[in-house]
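Just dropping this structure here.
First chain written, first letter: the chains are A, B, C and D, and each begins at residue 1.
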Amino acid sequence: MGHETYFYFKQTGRNLQQSWGTQLMTLFTVSMSILIFTFFFLVYTNIIKAGDRFGDELRLIVYLDDEVVPEMRPQIKKKITDYSPVEKIVFVSRDEAFHRLNVQLGQEGDVLNDLGAGFLPPSIEVFPKKDLKNLTLIKQFSDYLTTLPGAQKVQFGQGWVERFGYFTELLRVIVFLSGGLLVMATAFMVSYSIRLTVIEKEAELEVLRLVGARSSYIQTPLLIEGFLQGLLSSGIGLGMLYLIFLWTKTHLSGPGFLHLLDITFFPPVTTGIIMGMSILLCTGGSLVSIRKYLRI
Amino acid sequence: MGHETYFYFKQTGRNLQQSWGTQLMTLFTVSMSILIFTFFFLVYTNIIKAGDRFGDELRLIVYLDDEVVPEMRPQIKKKITDYSPVEKIVFVSRDEAFHRLNVQLGQEGDVLNDLGAGFLPPSIEVFPKKDLKNLTLIKQFSDYLTTLPGAQKVQFGQGWVERFGYFTELLRVIVFLSGGLLVMATAFMVSYSIRLTVIEKEAELEVLRLVGARSSYIQTPLLIEGFLQGLLSSGIGLGMLYLIFLWTKTHLSGPGFLHLLDITFFPPVTTGIIMGMSILLCTGGSLVSIRKYLRI
Amino acid sequence: MLETYPADRPLVEIVKVTKVYSPDIVALQNISLSVAKGELLFLTGRSGAGKTTLLKLICCVEKPNKGVIEIAGKDLNKLSSPNIQALRRETGVAYQDFKILPRQTVYRNIAIAMEVNYTAAKVIKKRIDELLDVLKLTHKRNIPAGKLSRGEQQRVAIARAAATKPPLILADEPTGNLDPAMSLQVMGLFEKLNEGGSTIIIATHDETLYKNNRYRKVDLHYGQFATQSTLPGFLPPANGNQQKLI
Amino acid sequence: MLETYPADRPLVEIVKVTKVYSPDIVALQNISLSVAKGELLFLTGRSGAGKTTLLKLICCVEKPNKGVIEIAGKDLNKLSSPNIQALRRETGVAYQDFKILPRQTVYRNIAIAMEVNYTAAKVIKKRIDELLDVLKLTHKRNIPAGKLSRGEQQRVAIARAAATKPPLILADEPTGNLDPAMSLQVMGLFEKLNEGGSTIIIATHDETLYKNNRYRKVDLHYGQFATQSTLPGFLPPANGNQQKLI
């Protein structure tokens, strides 16, 4: 069968040589599609991750009449975890509270300097488990916490939770809409370029059919071609995405806002899956499009 | 010439009827391209506008030793505007300052209630002109304001300015990158679909050339076709964009964050320009692609 | 412009024409030929001799590398695009590879040659029905030309060339796929058109077409004339004036 | 499977075949014909009689609506795809519309018929050079087939059909674009292949091909046989065994 293999590779080489214009075009199209697709996938996963991180910062603050003496702490902890398991419980003294307000106000916090610590109440900060995201559940938990001994008032950054929710919602809508449009656009692009390639090959496939070429004789070179195309174009697409990723990271990793997002690239497994999918796409696409020449 | 007009429209009708599959495909492609393009344009203009609005909130706060008596105000105003023309100057008393901090702290502001007004200093708020966006210019202005009589300290929300800058920068990068990718994708899509249409028409154009059809006989039906296609597809694309816009607006116009963005649609002029451009694109594209059949 | 050209001057004048296809295929070499108005001329020669090339030069589909071709006194090299298009509208060409539209009906394939003249639909219909009758294609009138047999397609190509009764007709191997009886029929059509004033050049291998008749025959041999312009006993038809469709 | 089929049985057996093209074009009506192994048969008939349709049925490009076609004793209706492909590799067909690849060289157009058998490059080269010599195309060997004259293209189509010296050859109007001398050359090629054992069916209008020789001729007339199977003085060639290329 070495003989046949020789013919398959000869035919593949001939195809690549004859229609290198179309081949290059298809290569470019598919790699761009993959770039576009993975770009949005990357943006989306990073937004989700950023959402999780913001979620981490959800906490309920129980303002107290007086500082909790260290001996009481285990008892209070138990009372809280009896209702719902939590991530973490932090006891905040008056001094710490003042310090924090100062930081929160930023530069404008200077105005507090005259006042001195001690005017803010002590508090317990409760960080709920991740699954406690629903607003009504949080409210119920908050109501429970009011029943703690010495509790004056319970607060959670309701405004911020909502604000962040809206913000991610908006981003999600933008990413989804543009992602959806792009998936359609790339699907069109790829199917157009496959159609153009098939139109170019049509005459040859017809002749091969008429001179009685075996199905494998027709398919194998196309499979090899599709494999190469999928491999190359996903490589190029992902490579370009990585360059864009690096550029974005270096240009936006200044101080301030960006440590919140801390964007990351796909793990190797995802990269592998993407490459595999595009190889499947290329080989499958070309096979499906020529199936009518394999009939009879 | 009524006779010729009859032939042109007959030919156009025949084209539409014969190749309605391809026509529909091209229509869909072009309207999707226009949808994609205008979608990003809309997102971009709204981000720019949101940026402007945030920019509006830039102000320099001059903290004073004592309240400014009303008689002094014109003199201070003059001193400020001598250096740089400003948008607005607001004098803030101790009471107002306390009230504002309370609002700024939100629910957590409860803790201030025990303190009572009067511990915050009075201030003058200076809203600079829009063109004063550069950080160093703002700093120079701030230094100048320190020299005002009774000025204790000048502040501007430096942290927030930076934070917002980074945020819009990130969004801008995302929008630009995806916009760029999309423009490429749509350009490919449109050129592919025009190529497919021309391949379908090739034989007929060749025969028309051989039987000596006048250039106008070949071009006019294509121009009419292109005009209809451009008109329809931009109409459909913009229509779909408007539906998405309405959906986004109603689904995200809850309380909280979104009033900051307050998204708006294109003004009628822009809509007109977009339609004109796509008509030009469709007619121009098909004429360019068949120019070789008009030679000799 | 062709039909008003005086009948006593050559309609097609080819002077020392050479045609070389890139890179170095000499299809015609220093050819000269003149065809009188109203003449019917046979062009013969072995396969690859250059018959098709010569016809393509006459209808401006190819350009000569050297030499001059004049149609009705006009140098083709110097004609503007609109004039070339006008010339083509007055020249009916039946191509050797037919150049028909496989997806379009037989009717539309023939009509296209008349529509470019903005001919009225009624006139088109009358003429096409006439031609379909002569060429025995009436039952194929509304069938896509791609679904015809090769011989039927060839007749469609001939019908398109003859549709406008043009002053100049070029037929390239018009009977290659036709049986002898149908070939006679086609030859009869050409003779009738010739009597109506059309100048006709037929490139053919079919001896039965050119044997035993009074028409001139020129023989191409590897891009040159084997029998160089032996002026024949050519008689222009009695009514030397042309008929044009519109 | 064709070359091992016994020489004393009909290689092609057509029994009461009807072919109707949609919607209602009856191309063949209740046709029966048997072609002996090693025979050379002429198929004639007017344009549109159904010659091409019959050949297409034999090489499985079209399916009959009614009736049975057996090649080497195998019913075509019951063959699997791989078997049809195998049958086509043993059948050389010169199509009336050539079916050549215009962008590919003459060499590659002919080679394609042998490459599908995984024939070694050296063998391919030797055979092609032989055929190009016989068909006077040696100087066109590396030129894209689309740049040839129609007659040269027709010879390429014939060369491809003959390339593998297949046991069954179908030639559809093989000399329609060839001059008489070249037609004789082509006919000589077919006769040589026939002597080598190939069964050959030639559909043609060209009287010079079938006049004055010993081969059987069947005449199609509107989808039916005009001269129904008048069994001829057919002699199978002396050496009845087939030669296959590989």
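Simple rule for what comes next: a contact is a pair of C-beta atoms (placed from the backbone, for glycine too) under 8 Å apart; a residue touches a chain by one contact, two chains touch by 3 or more.
None of these values were measured; they are calculated from a predicted model.
With steps allowed only between chains in touch, the distance from chain A over to chain C comes to 2.
When the partners of chain B are compared with those of chain C, no chain appears in both lists.
Chain centres here are means of the Cα atoms, and by that rule the chain farthest away from chain D is B.
If each chain is reduced to the centroid of its CA atoms, chain A and chain B end up 25 Å from each other.
Chain geometry summary: the mean Cα position of chain C and that of chain D are 32 Å apart.
Chain B and chain D have Cα centroids separated by 68 Å. Separation between the centroids of chain A and chain D, computed from CA atoms only, is 62 Å.
Not a single residue in chain C touches at least two other chains.
Arrangement of the chains shown, judged by which pairs touch: one closed cycle in which each chain has exactly two touching partners. Of all possible chain pairings, those that touch are A-B, A-D, B-C, C-D.
Against chain D, the residues of chain A that register as touching in their complex are 3-4, 7, 18, 203-204, 206-208, 210-215, 217, 294-296. Considering their complex, residues 29, 32-33, 35-36, 39-40, 43, 63, 106-108, 110-111, 114-115, 119-121, 153, 155, 158-159, 162-163, 166-167, 169-170, 173-174, 177-178, 181-182, 184-186, 188-189, 192-193, 195-196, 199, 244, 248, 251-252, 254-258, 261 of chain A touch chain B. Chain D meets chain C in the complex at residues 21, 25, 44-48, 52, 96-97, 143, 147-152, 154-155, 173, 176-182, 205, 207. Residue ranges on chain D touching chain A, taken from their complex, read 59-61, 81-82, 84-91, 93, 95, 99-104, 112-113, 115-116, 118, 120, 160.
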